[in-house]
Structures are given as structure tokens and as C-alpha cells.
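Take a look at these structures.
Look at the two complexes coming up: subunit A is in both, with subunit B in one and subunit C in the other.
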Partner chain A sequence: MFNPAELNVIGKPIPKVDALPRCTGKLQYADDLTFPEMLFCKIYRSPYAHAFIKKIDLSKAKKIPGVVKILTGEDFSIPFGILPVSQDEYPLSNKEVRYVGEPIAAFAALDEESAYQAAKAISIEFEIVKPSMSIEESLKQGMIHKSAGLEFGDIEKGFLESDDIFENVYFYEGNTHLALEEHAAAAVPDPDGKLTLYSSTQVPHYLHRTLAKTLNLPPSRIRVIASPNGGGFGGKSDVFSHEIVVSKLALLTGKPVKISLTREEIFYLHRGRHPTLMWLKTGVKKDGTISSMHFKSLLDGGAYGSYGVASLYYTGALQTTTYKIENYKFEGARLFTHKAPCGPKRGHGTPQPRFAIEIMLDEVAEKLQIDPAELRKKHLVQSNSITPNYLKVGSMGLGKCIDKVVEGSGWKDKFRKLPYGKGVGLACGSYICGAGLPIYWNPLPHSSVMIKLDRGGGVSVYCGQIDIGQGSNSMLAQVVAEILGVGPSEIKLCCADTDLTPVDLGSYSSRVTLMVGNAAIQAAQKAVDLLKKAVSEKWGISEDKINFKNGKAFNRENPDLSLDFSEAVQLAEAKFGAVCTVGSYTPPKSPGEYKGSGVGPSPAYSYSASVVQVEVDPETGIIQIEKVWIAHDIGKAINPLSVIGQVEGSVYMGLGEALMEEQTFRARYNGVHKAPGMLDYKSLTSKDMPEVETYLIEDPDPNGPYGAKEVGQGPLLPIPPAVANAVYDAIGVRIREIPLHPEKVLFALKNKAPKRSFPSFHAPKVIRVPLPSESPTTSLLSSDLLRSESLRVDSSPSSGLPPSSSGAVSS
Partner chain B sequence: MIRLPEFRYYRPKTLKEAVKILNSEGEKAVIVAGGTDLFPNMKRRIQTPSVLVSLQQVKELHRKISYTKINGDQEKRLVIPSGLTLSEVCENRLIRENYPFISKTTSSIATPLIRSMGTIGGNLCLDTRCTYYNQSLEWRESVDFCMKAPEGKLDIPCRVAPGSPRCVAANSSDTAPLFCALEAEFHIVSQEGERTIKPAEFYREDGEFYLNKKAEEILSEITLPSSENLHAVYLKLRRRGSFDFPVLGAAAVLKMTGQKVKEAKIFLNAVSSAPIEVLESEKALIGTELEEEKILEAAESARQSAKPFDNTDFYPHWRKEMVGVLLKRALLELKSRKT
Partner chain C sequence: MKKSAALKSSAKQIITLNVNGRVYEQALFIHHTLLEVLREDLGLTGTKHGCELGECGACAVLVNGEPVLSCLLLAVDCIGKEITTIEGIADENRLHPLQKAFAELGAAQCGYCTPGILCAAKSLLDKYLRDDSRAVKPLNRERIKEAVSGNICRCTGYLKILEAIELAAERLNLLQNDPSQKILSTVYDKEK
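Showing the complex of A and B:
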């Protein structure tokens, strides 16, 4: 469809199209918005991790001057949740509160201080109940949100065939997104009774649906505009109470209502990384072949469902996409605890198992006396293959990634050869490029793009996608610019507005480049075809001889013959009417047909490999990261500058998780967050950030636009295990949990580290799925009848929480 | 973040004017000496003073760092006015050349942005910190407040050490232990006149009432000792390369005669509510030539004496272990510099 040699915009490291407003502070974030007669909203949140609300007294709050409207749980009767299977939250709680920070009442006032004072004046009688604050406690109490069991092939047979068996327990601490922009939303009632909500959200479409549901209004009466996000990382991909609350307040008062959350409130909104306790058993043959793998995960889900069912399945899904595994079994459960709800954070459910596997492979390599890089390379999943759990791998550049970091870091001269205290570690990872299925079951496109060409030469592009800082606006502009032969900065983008733009499902699951990109190619191609038809008629030459470049149409064979892009548009408009085209994208069907197969399939998989070099101070246990080498298989970099930025951002976040960050709570003091602020919740400063050497591997994927794959999340995955492996190389102690606080390192050095144990857990139901090689593929690939059923994951009611409705699930 | 609560704001131009305002406003007035700690505290409603008195324009507090003569012109001493910003102190030529350890210490405080706003006087009077105190009003309501911030309630125990008769919030000023060990002199001005006090007596081992200074008194300047034969170092432990308060600090000041240690002053911070002097460690060093076993002995004494609470980042047992390591490294640094 395209000739790489002819690309003018794709593959060029150009600045982001919205860099200037972002860097000069001119970009209007949700918190910057202001409207005439606007009211301010504050939310009163639960001070207890687990309590029943006996009585709410608002008499004092009502008397605070400036208070206009107060809402409590009685004003809402419809529950919501991002997944159809987990409709378990109410905008305001009126019976039971399950975590510190759960919204109870909302106050709209003439100014922010009055709203704050009113929230302070609420008086509530609580019956406090002992909360469950740990995985072990919740397991004991049976607070299981969801469990899953899948076996592909026969692991027992696999273990019998293996020469060596490895078994260990791993723990990955929870952490939060820490996007710089705090969540904010402003609801504006229109005079005709419609409502517009501006919000810093990654998922305007799902927000639109949820507002319609919870406010009991037809979607056509609601308009959602996603404001530019100052970072998201998954933290803005749920629908939140405050978005529904300000919408309701605006409808009831007839005035615009804005809420800007504090940093502390965001630590409680959370939806971040699940703390995950894992058990991994791997059987290997002498040459390192993985004949069998059995993985168990227990996820600390916090108080509500969120994306949790998907998170759980993700901990078991992507083990198989990197190295060949002959037989594989996954058992896991997500538990409810009385903490801020967990959800998707960069890598969604996959950094935890990746941490376990990559450390275990380091142990396997040591025992088998094979270099860890060689061991991995010998057993790579092949391109264009199907994994034991039916994931269809397209392009696969992991081998090249490993080669690049091994060479760049001088691995062969360093591994097991550096002086005591210094070490290198290697790890890999793989991630989806968009979930194969939408969050709610529907046969509609996942993304659509609309293009309108102006007779003056202007190009307007409309799409529901929202740029959360990752550069998707630029990607969209570059793709369209490439095909129409204009400059990316010439393109007018209109994005993430449910009234004006066609649906895109949102900025999550690393789906935007692949899906929006493909939809944009289709729309732009249709537009350029119309232009070519019109120009070919004028010039009397065939369409394939016409080329659009640098704002002009050229005759390929006679470049002196050209006309301006605007003239081409006018010719097309005269011939066909207004030049408006659309493109849509729906991912290919996945061959998996078992229950739970909805999580994991993707049009393509990205790959990363990293070498981390550390220096460990054996006297203090303090780890210094000296340098990180990382190679990422991006398929094709549409904008290498943005891609490298995303890789470095992932390294930064991965190092934070590996070394410092922890979302933890004080069980002894009502379950409050230990450090809900950016001073005390520790993440790396610029002084702690090492040099990062990034290599981009371009192994184009047939499903990606121009071959492009994802980069927003995948490069995080190898970082935490690479750090842990490097620490082992440096000081010879194996630490199987993060964050790698100096105390832990020192304890491990003194052999005093408390050993983590994995509680007795077996999935109540294990679905046995024959390996793709053993099953009649035809039936698996063609039985559309079974398809809608297969999308579902088991939706047994959640214990201790409102029963959930059933539905499809995906990232 | 919620905005600042309401307050009245004074910006006097002279010390005389400043002490007069403080005197008439009494306990409800709080001094702003940079505000980099106070204003965030106010936004989180940790402190809600109704009157603020800014020292930003008090001219006497913003003089140049210069020598003054004392003892009838016999000696001269360097004087640092308290209103200078931490960056100004850090970058001052006289300080850099004669007291490089002060430059280094001030450069370890917070971040460059905060250092160009925060003052040396403000850092020396920094409020003690605790993971139960430095939290928002909502957070502290959840745990029913604490001894340092009882919000009008009586008999609230310390949340860190429930049996403790006093608040155990940690001294978190990086400059305090250094000036204690240097035996500098603090000048304090009030409506009633001027007094001087040794830093070691300025701080109190009480997280709630942590300074021997009345609300209406102003720390106006710091007089440094002669830098002759003075060897000093401050090492700071924290999680990150910037931004963080100390979880442990060790200041060591040695006065040497030839190769021998004549006097030694060793102070730790962040493991108590005031910088604490470690007499045993000092004793172990006096008269020695900083032989390695003497250094180890001093370090071990300090480790044994330190009793950190679980009220900063990191676990207290690790911080206790680190006392020995940090002091050992501080003394080894002095030893290597000396030779």
C-alpha cells in the first residue's frame, strides 16, 4: 500500500503538533475552564476504610453561606462501573463505605472555599467495621471478587518431561499513576436542557455511556468533551464519581459546576497497579526449553471492581507471547480489600507476571549455565505463530531487541564479570497493541475517523481519540498528512467530542496508534482517491500517475505539471460535492474460543528488551541505577521522537516501581493512605534518573498502520525484573519482590529477609483447553456462532458486593 | 490543592517595625521567612494562622554576609543575616571559600526552586516533621489527630509512640545540626531587645515546642566561629537525590592541633526532635589522629545512642543502622580531606 522510500512525514522525528500550547501553558486543561455563574464542587469522602452510614446530618452544612446544592447517596439509584460485569459503585455512597476516600456527599457553592467549608460541616454517624487490608486476610474471609483457572495442554505431563523444576514466590507492590494533571471536570447545562461535560478522561465514550445510564438521560442529550490530559497512564480510564456528581449538580442547579480534585483525592481514586502475590513453577529441559509453566496470582483489588476482572486475566495472558511454553496453566483470583480500588496502570496486569518470569529465567540460566540472553533467544516465539492460549503473534522483533541491548551495553564483558557491588541484569517483555475486544460487547468499529477538506485547502480531521500526552494527536495528523501530501501542522484536529467526532473507544490498552491510525489511513485514502479522480480528469492522465506531496498534486512522470492542494479539493468538490470521508477500524477476530479468551488477543504485539546496570552499596543497601539500555520493537516508528519519549517515560516509571513507589495504607489507623502527596510518595526525581540508551527496532506488523505497533506501555515491562537481576549480579542476593528498598537489600544480604509464602489457593474451576496444535483449527477459527459466548468471562456474582450483571470484558 | 485560608498579612520594612507587629499580634501571628514550608502546610490546613508577618522586606535581615569585629577588634567573625535565601548563602563567595561545608549543606536542601525562596533563618526554625502531622486536615481527622496537632482536643496521644509524654516529630533542618556542631551563635531580637543563644540550646527535644524562642522573637543573624583549623562535614541520608527532607543527618566538626583532634562536636538530626549531640562519639575522637578503629568506635557509639521513631520515610531500624554508617563516612571524609 505504501512505498517506504516515498514517505515524507511518517518516520520523521517532528515535534508534536500540540507542543507549543502544551509548553507555553496555553493549552486549556479541564481545571483551566471557567464559565459565567459557575459553581464549585467539593466532595466529602469517607474517613474510614469500612463503615456503615447510620445518619447524615446536613443542617450545619446547609447554613454555610454560598452553598447552593448538596447531594448525597439518596440522589443516585443507578450503579456504575467500567466493565459490564462490575457495576458495583454508586456516585455517592449512602449505606456502606469500603475505603477511605469513598465519596459520600457533594457540595456545590458559589466559590471553592464555601464548598470546602460546607463539606467540613457535614456530620455523619458511622458504624465502624474492621476492614480487611491484605490479600491473605481477604482470602481467609472469602472476599473473592473473581477467580480464574485455565490450562492449555497438560502441565503435569510437561513437568514429567522436564529435567529441572523451578518454583518460587514473588510479590509486586501496588503503585499509582502520578499523572501531573490532577483530575478535573466541568459540567455545563445548555439552555435547551442538554448537558456538556468537560473532563480530563482517557475514555470519553465510556464516560458518555455511563452518564446516560446514571443520570437516566438519552445519550443524545449528553455531550462529553475530553479535555487535553496532563498525563493519564490508565488513571483516567475509569468513570469517576466526581464526573457524575458535577453533571447531576449542573442539571439540578441549571448552572455550570466544576470540580478540581486535590492530589490526595487522586491517591484515593487510584485504579492503579494491583499489589500481586505470585507463585510460579517452571519445568525446563536441559537446553532451556520450557516444557511446562504453572502460574498463580492473587491480586489485591481494593474496594471495587473497576477493570479488575480484566486485570486478573491479564496477569495470566501474556506469559506466552515471548518464549515458547509447551504447556501452560494459570490460576488466579482478585480479592476485595478495604483500600482504594485498583485498576489499569501502564502495562495493566502484565508487569507483575513479567517480573516473576524474567527473574525465574535468570535463575534457570544460572542453573543451566547458559547466558540469560542466549537462553531467551533460543526459545523465542516465532513470528506469525499462535501461542498455547491462542494469541496470534504477527511481527516479532524480540530477538533483534536482545541483540541490540546485549551489544550496546557490553553485556558479554560485564555479566558476572563486574566487581562486587556492580552488576547488570537483562529482561524482556511484550505487550498488546490494543485489545481485540471492546469493553462492552458490540459489533461496531473500535475507532473511526472523519476527514473534511475545505475548498481553501484546509484539512479537518475528526476523531473521538484523546491525546493523553503520548502524542496521538501528532500520530493522527502525521498519518493524514502523509497521504494527503500536506504538512502535519496544517491539519486541524477536532478530537474527543461526542457531539462532533466519531467514536474511538479511548486511550487505553495501547490501542490508539494501531486503531486510530488504521481508521485514519482509510479515511485519508478515500479523500485522496477523490482528489486523484478529479485531477486525473483535468490532466487527462491515469490516477496512479498522480502524487500528492508538499501541498501540491504532481504528475509523477512530469513533475513540472502540478497544481495546489486547494485547487485539487475544488476540482473534487465540483465533481463529487463536499469532500468528506470516513474510515473505521475493527480488529481481526481472535482464534481463541474458550471462556476468558477475551483478554489477551490483540492485532499485534510489541516487544522490548532491556539491560540495566546498577551499583549496590552493600553497607546501606542503596541501589544506584547507572545506565539503562532498552530496545523496543515498535514495528514502524511513525514519529521516532515521540516513540523514544514514550520509551524513556516507561523506563522512568518502571524504575520508580522497581525502586521506590508504593501505594500502601495504615491498617492500624482506619486504613488511611500512608503518603498521599508527591513529597512523601516517592518517585524518581531528575537526579535519580539514569542515562537511557534507546534502540528502536522496526519489524513492521501487517496489522499496524505503516507497520506501527505500540510503545506507550510495553517498554515498562522489562525494567523491574532487569533491576532485580542486576542486583543479583552485583551482590549475589536474589530479591523476588519490589520495590527494592534499601532495607530489603540489606536484610537479604544479612540473610534476614522475611520469606514470603503463597497461601493455599486453587481456582475453583479450571477450564482445560486443548493446545492449538491438538485442536481442529477450522472449527476454532470459524465458529462465529460461539463467538459472542466466548467473549464473556465467567460472571458469577461478587461476594460481599452488589451482584454484577454479565457482559463482555476486555482491557 | 485547596487554596490558602484567609489571613492578615504584614510586610514590615525594618526589624523594629517587625518586632512591634509581632508583639501586638501575639501568639496568633506566624513569621514568614520564605514560606516554602509554611504555605504548603497552610494549604493542607496543618497550620492556619490568622496573621502572617513576612520578613521578606526587613532590610536588616538582607544585608550582605560580612565580617564583624569582636573583642575590641581582636578577632573578626562572619555574620549571616537570617533573611538571605538558601541559594544566596550557598553561592556566597566568603562562605564557599571559608565554610565550604555550609555551601554543601545548603545545596542539599529541598530543590533549587525552593532554595531560591526559602531562607537560612527559615530553615533553622523549620517546623518538626512527622508522617502523622504533615498530612491534610481530612487525613488527620481520619486518625483523630495527634499530639502535635490536637485541633482543640485534649489528651491526644502521640500516634507514633502512644506512650510518649511528648511529641516525637523529627527535626528535619539540614542546617540545624551543622550550626549546632559549629557552635555558632544565634542572635534573637524582640521588642524587649536582643539576646544571643548557642544553637544547641535553641532547639528543644519536644516535637511540639521545638524552639527556645517566643512567637514574637525573630532569629536575626548567625555568627560563625573562626574557620581556622576547623574541619566540618554534614552528610544527609534521604531516598532521592533532591527534594527530600533528611531521614538522618550527621554533622561532625573537628578542631585540630597538628594531626590530633583537639575538640570534636557531633550532632545527628532527623532521629529526634532536636539535633542531638553524641557525647560518646566525641569522646572517642578527642586526642586521636582519626585512626580507623577510633572512627568505628565513634560511629558505633552514635548508632547505639540513636533512637529513631517510625515517623519519616524508611523503617526506623534501618535508619538506626545507618547512623553508624553515615557517621563513619562523615569522619572518613574529614580524615581524607585532612591528609
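Showing the complex of A and C:
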């Protein structure tokens, strides 16, 4: 549909269209907003990991000067949750609290200090109950939120056909997003009973739905505006208690109400990476062919559902998109514990299994005496193929990615050849470019874009998408600018406002570039078609001879014949009326028809490969990252500058997870967070960050806008296993868990590392699915009936028990 | 509780602050931090907060040219001093070379840490602009890393930030990197 040689804006490393507001302090984030008569809100949160609320005494709090309104659990009767199947949270807890930090009461006051004093003056009688603080304990207690079992082909047959079998246990610690902007929300009531909520959210559409539900108001009376996010990484893609609470307070008081959370509160808000215990068994033939793989995962979900059902399935879904696996089985469960709820963090459920697989492949390569890069390259999934679990792979540039990092890093001269203490490790990864299926099952588009052309030549673009720092505003402007032939900075964007913009589902699952980009192409194409019709009439030439470029319409055959973009708009407006067009995008149907096939399908898959070079001090156990080489198959870089920024940011976050970041709790001290502050929750500083060599591989995907795929999440995936593999190369000890603290390295060197074991676990029900190659009779185009059934899997009541009915153990 | 209310009412005083060259004379709570006063009393919301405990660097501003964490400093301690925030870094409508470089190289992703980092970086470059001790302590990547090591950025992995500060320094003829050291990213090289 386009000629790469003719692109003027796409593929150019231009500054972001909104770079200047970000560099001048002019961009207004949620907490920067103030409104006349505004009240401030503070929330009182549970000090206990598990307790029943016996009595709440507000008498002292009510007497604090400046207090205007107090809400408790009694003020909310409707539960909420991001997934339709997990409507298990209340804005304020009424009876039971299941983690330290769970909201109990909200205080609106004339100023922040009075609200804080009032929250401190609350008096609550709790009945404290013993919490479950580990995967093992919750498994024993039967606190299973959701379990899943899927078998593709016949793994036992596969193991019989293999020459070698590898089996190990891996553990990936939980960690949190730590977006620098603390969550904030401001609710503004209108005199006519309508409400506007400004919030630092990645998902304005889901927030809109949830507010309508929990406030029991028609959605048409609620307007959600997502403020620019000061970083998200998945941490703002849930709907949170404080957003509902300030909305209710605004409606009740008739005044604007704002809340700005503290850093400590955000550690308890969490929704970050699930701590995941994994067991992996792989059967390989002599040449490294993976004849069988059996993977089990147990996820520490924390206290509530959040995205957990999807997180669980994601730990089992993307194993198959990198290397050919002949038979594959996944069994897993997400457990409730009495900790801050886990959810989606950059890579959502896939960094954990990727860590296990990429380390195991390193072990396989060593045993078979094949170079790890060669082993991977020999067994790559082919482009335009279907995986055993029915994921449709389009473009697949992993082979090129591996070649690039092998060549760039000097792998062949380094691997197993560096002196003791120094080492290199290689790992790969793959990620979705948007979830193929929506959270709410319906036939509506996942993304829409509206364009309005002004007589003066102005281009206004309306879309529900929200820029969280990843550069999606620029992507949208660049796509529209390319087609209309104007400069990207000429375009006015109106985004993430449920009153003004058509729905986009949100900035999560790496979906924005692909879905918004495609919707934008459609809308812009319709607009330029109207302009071409009008201009062709004026010039008396056919439409295909007209080209829009540099703010002008040209006759391709006679470039001297041109007119201004604004004149073209006026011609079109005179002929057709106001020039307003729309575009929408719905992902293609997935071929999978089995129960549970809803997680994993995507219009396209991105690929990454990385080599990490480390130096490990055997005396201190400290790991220094010397350099990272990473290649990412982006399909087509719409803006290489932004894409490289995303790759470097992913590498940074992956290194943090590999080396130091951990969200852990003190089981014996009421279940409080071990490090709820930025000093104790360690992350890399400018002095820790190594040099990164980034290679972009452009293997255009037919489903991507201009062939583009995702970059926000995928490049994180290879980093933790590449670090672990490099440590093995450096000092010869295999550490199968992260973060790789110096202590762990030292224990491992002394052969004293505590051995992790995997509890006895079998999914209660395993669905056997024939391999795509074995089911020629099954149409790959699912009928709507089958499709809706497969989607409903997540809406069926979960087999497990909610924590209240099973986790209560009197102390 | 009554005590705090009493403290509040008695603690407001008329205070004069010099922020970005403008003199503000305002009734302020004497126990409020510079961060609170800038954002809430003076409406200068360009200065951000990420922890309010001195851990993240988002609230960095310049006091007499030195980067300070405005969340750990009382506004009353800044009386008689020159305060510079992100709003005062550009020269009227002309961007500071740092701001220009940050925009060009994509050093601001979400932009939330950017004001604090720009302040820290400006202080560093200003010292080299003023100072003749450059030969003793050359301005190089290590010095730049050190200067912004108190500022947490969760988006960029710092590399584009370091490159942007180097680009600005280069344009101000301040950079003294070891020529053997690779300075700028491939993207910038391509653009050149």
C-alpha cells in the first residue's frame, strides 16, 4: 500500500511532537491541576495483611477542623475489577482487609494536612487473622484464584522420542513499576450532575466503565480524561480505589476533589510483576530439536484478581513463538496471598517463563556442545506459521536479531573464552503487539481515530489513546502527517478524553502503535481521498496522479502544478461538506478455538535477542554489567529515535529486575513491605547503567502500520536470562532465580544456595488440544459460536476460592 | 490535633522569595517545604515530586546555582537566595541548550524526571562555564553521570539523558571527552 522510498515522515528519527512541553515543565500531569474550591483527599489504609474490621470510630476524625466528608466501605456496595471475571475489590473495604495498604476510609478536607490529620484520627477495631504470605502456604490452604492446564500434542510421546531430558526449577521475584509520577486523580463535578475525572491512568476507557458501574451512573454522565502519565509500565493500567473515591466525594460535596498518592502508598497499590515459581522439563533430540516441553508456573497473585487470569495464561502462552516445540504442555495456577495485588508489568507474565526457557536452552546447548546462538537459530519458528498453541506468527526477524548481537558483541571470541570472572550470555524473547482479544468481549473496534481538517489547513486528530511517555502521540501524528503530506508538528492532537475522543482500549499490551496506527491510516486515507477527489476535479486529472507532500498537493507528472493543503481542504469542503473522517481497527480473528485460547493471540509478534557481558567479583559476589548488545525486530521503526529510547529503557528495567529490584514483604511483621521507598527499593542509577548497543531489525509485518511492531515491552525479555547466562559463563555457577544479589552469587559459589523445590501441583483439568498439523478437519477460521465460547473461558466462575472464604485462619 | 491546627494558623508569615528572577511576597506556612510553596502557593508546577523524601531527585531546583532537593528544604531557608526552577531555565522564549538537546535526542520520555535532571545538569554546565578549573577536572561522561546520579529516571535508562547533556556541553564548547571514548549515539551520528 505504500512505497518505502516515498516516505517523508515515517522512519525518520525526529523529535517527539510533544518534546517541548516535556522539556520546559509546561506539561500538566494530574497532580499539577488545581480547581477553585478544590478539596484534598487522603485515604486510611489497612496496617494489617489480613484482618476483619469489627468497628470503625470516626468521632475524632470528624472533629478535625477542615474535614468536609468522610467515606467508608458502607458508602460503596458495588465491587469492581479490571477483568469482568475478577470483580472482587471494593473502593473501600467494609469487612475484611487482605493486604497492608488496602483502602478503608477516605477523608476530604479543605487542605491536605487536615485530610491527613483526619485519617490519622480514625480508630478501628480489627480482628487480626494469620495471613498467607507465600505460594507454598496458599497452595496448602487451597487459595487458588485460577488454574489452567493445556496440552498441545502429546508430551509423553515427545519425551519418549527425545534423546535428552532437562528438568529444573526457576524463580522470578516480584518487582514493581516505580513510575516516577505518583498516581494522582482530580474529580470535578458539574452543576448539572455530570462528573469529570482527570487521572494518571493508562486505561481511560476501562476507568470510564468502572466509574459508571461503581457510582451507578450512566457512562454518558461521566467524562474521563487521562492526564499525561509520568511513566506507567503497566502500573496505571488497573482501575484504582482512589479514582472511584474522589469521584464519589466530588459528587457528594459538589466540589472538585484531588488526591495525590505518596510513594509508600504506590508500593502497596502495586499491580506489578507476579513472583513466579516455575518448573520446566524439556525433551530434546541430539540436534537440539525440542520434541517436548512441559512447563508449570505458580504465581503469587497477592490479594485480588486484577489482571491475574490473563497473567496466568500469559506465563504459558508465548513459549512457542520463538523456537519450534513439537509438543507442549502448560499447567499453572495463580494463588491469592495477603500481599499487595500483582498485575501487569512490562512484559506481563512473559519475562518469568522466558527466564526459565532461555537459561534451560543455555544448559541444553552446553550438554549438546552446540553454540547457544546456533542452537537457537537452528530451531526458529518460521515466519507466517502457526504455533502448536495456534498463535499466528507473521514476520519473524529473530534469526537476524541473533546474528546482529553475535556479530556486534564478538560473541564467538568471548563465549567460554573470557578469563574467570568475566562472561557473556545470550538470550532471546518475543512479545505480542496488542492482545488479539479485548477484555470485554464485544464486536467493537479496539481503536478508533477521528480526523478533522480545517479550512485554514489545520489538522486535528482525535483518539482515545494516552501517551505514557512511550511516544504514542508522535506515532499518531507521524502516521497522519505521512498520509496528508504535512509536518507532524503541524498536527493538533486531542487524546484520551472520553467525551471528545473515540475509544482506544488503552496503553497496555503493546497495542498502541499497531492498533492506533492502523486506525489512523484508515482515517487519514479517507481524508486524503476526499482531497484528491476535489483536487482532481479542479485540475482535470485522475486522482492517482495527485500527491500530497510538504503541505501541498502536487501533480505527480507535473510537479510545477501544485496548490496549498488549505486550498485542497477548501475544495473538498465545498464539494463534500466538512472534512471529518474516521478510522477503526479490530484485530484479525485468531485461529485458536480451545478454551483458554483468548490469551496469546496477537496481530503480530516482536522479537529480540541480546548479549550481555558481565564481570563478577568472586570475593564480593557483585555483578558489574559491562555492556549490553540488543537487537529488536520492530517490523518498521516509525520513529527510530523513539524506538531506540524504548529499547534502552527496556534494557534498563530488565537489568534492574535481574540485579536488584524486588517487591518483597515481611511475613513475620504484619506483612509489611520490606522496602516501600525509593532508597531501599533499589533501581539502577545513571552510574549503574552500562553502555547499550542497539540494532533495529526491520522485518515488516503485514498487520502492522507500515509494517511496524511493538517495542515497549519485548526488549526487556531477553535481559534477565542473558545476565544469568553471562554469570554462568563468568564463574561457572548456574543461578536459576533473580534478582541476582551478591549474596546469592556468593552462596552459589560456595555451593550453599538454598535449593528451591516445586510443590506437587497438577492442574485440576487439562484440556488436550490437537496440534494444528493434526487437525486438518478443524477449520482455522472459527465460527462465531466457538469463538464466543472460547472467549468466555475467563468469564466462567473461577475454580478457586476467594481469599475470604478459604484464607481465614484465626491467630 | 488542635495543636496542629493552632500551629497552622499561627505559622503563616509574609515571606519574600526570589524565584526565576521574580520577587514573590506572599503569606506562607513557615513549615512548608520549598517544593510545596513552589507548586501550591506560587503555581510553579514544573517542579515535580516522586517521593517527597529526598530519594528520587524529581524535585531538584537550583538555589544560588546549586542543585537542591526542594522537598527537603524549607521555603523560609531560601529567603534572600536565588531560586531557579525549570520555568526559569529558558531565556525568555529561547530554549536552554540542554532543553534543546533533550528534545532533539529523545531524552525526555514521560518527561516527569526531566525538570529535576535539567536543573542538575544546568548547575554542572554553569560551573564549567564560570570556572577555569576545567583542565583539572575535565567535563566528561563520568562527571555527567555523577552529576545526575541523584535523579531517578524510569523510562530512558539514562543513556539518552547523558547523550543530551553531552550534546549541549559540546555546543557550549565545554566537552572534554577522551577522543577514544564513544560519545554520541548512533542516531545522532547519523543525523550529523
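A few comments on the model shown:
As a working rule, the second predicted complex is superposed on the first by the 789 of 811 C-alpha atoms of A that agree within 3 Å, B and C clash if a C-alpha of one lies under 4 Å from a C-alpha of the other, contacts with A are read in each partner's own complex, and residues count from 1 in each chain.
By definition in this document, contacts are C-beta pairs under 8 Å (C-beta built on N, C-alpha and C of every residue); 3 or more make two chains touch, one makes a residue touch a chain.
These numbers were taken from a predicted model, which means no experiment stands behind them.
In the superposition on chain A, A:180 contacts subunit C only, with no contact to subunit B. Once the two complexes are overlaid on the shared chain, A:100 sits against subunit B while remaining clear of subunit C.
Look at A:471: by the touch rule set out above, it reaches subunit C but stays clear of subunit B. Shared-chain residue A:121: touches subunit C; no touch with subunit B. In the superposition on chain A, A:230 makes contact with subunit C only, while subunit B stays out of contact range.
Of the two partners subunit B and subunit C, more subunit A residues are in touch with C.
By the touch criterion defined above, A:29 lies against subunit C but remains apart from subunit B after alignment on the C-alpha atoms of chain A. In the superposed model, A:203 lies in contact with neither subunit B nor subunit C.
When the shared chain is aligned, subunit B comes close enough to touch A:619, but subunit C does not. Shared-chain residue A:424: touches no atom of subunit B or subunit C. Under the contact criterion defined above, the residues of subunit A that touch both subunit B in one complex and subunit C in the other are 113, 262-263, 677, 679, 684-687. Per the touch definition, subunit C reaches subunit A in the complex via residues 1, 4-5, 8, 39, 43-53, 55-56, 58, 85-87, 89-90, 95, 99, 102-106, 108-115, 118, 144-146, 148-162, 182, 185-187, 190-191. Note for the complex: subunit B touches subunit A at residues 1-3, 5, 111, 131, 134-139, 141-143, 159, 239-244, 313-315, 317-318, 321-322, 325. Here subunit A touches subunit C in the complex through residues 13, 15-16, 19-29, 31-32, 34, 60, 63-66, 113-114, 117, 121, 177-182, 228-233, 262-263, 468-471, 640-642, 644-645, 648-653, 677-679, 683-687, 689, 691-692, 694, going by the rule given at the top. On the side of subunit A, the complex with subunit B involves touching residues 45, 47-48, 100, 112-113, 116, 120, 262-264, 619-621, 660, 666, 669-670, 672-677, 679-680, 682, 684-688, 741-743, 746.
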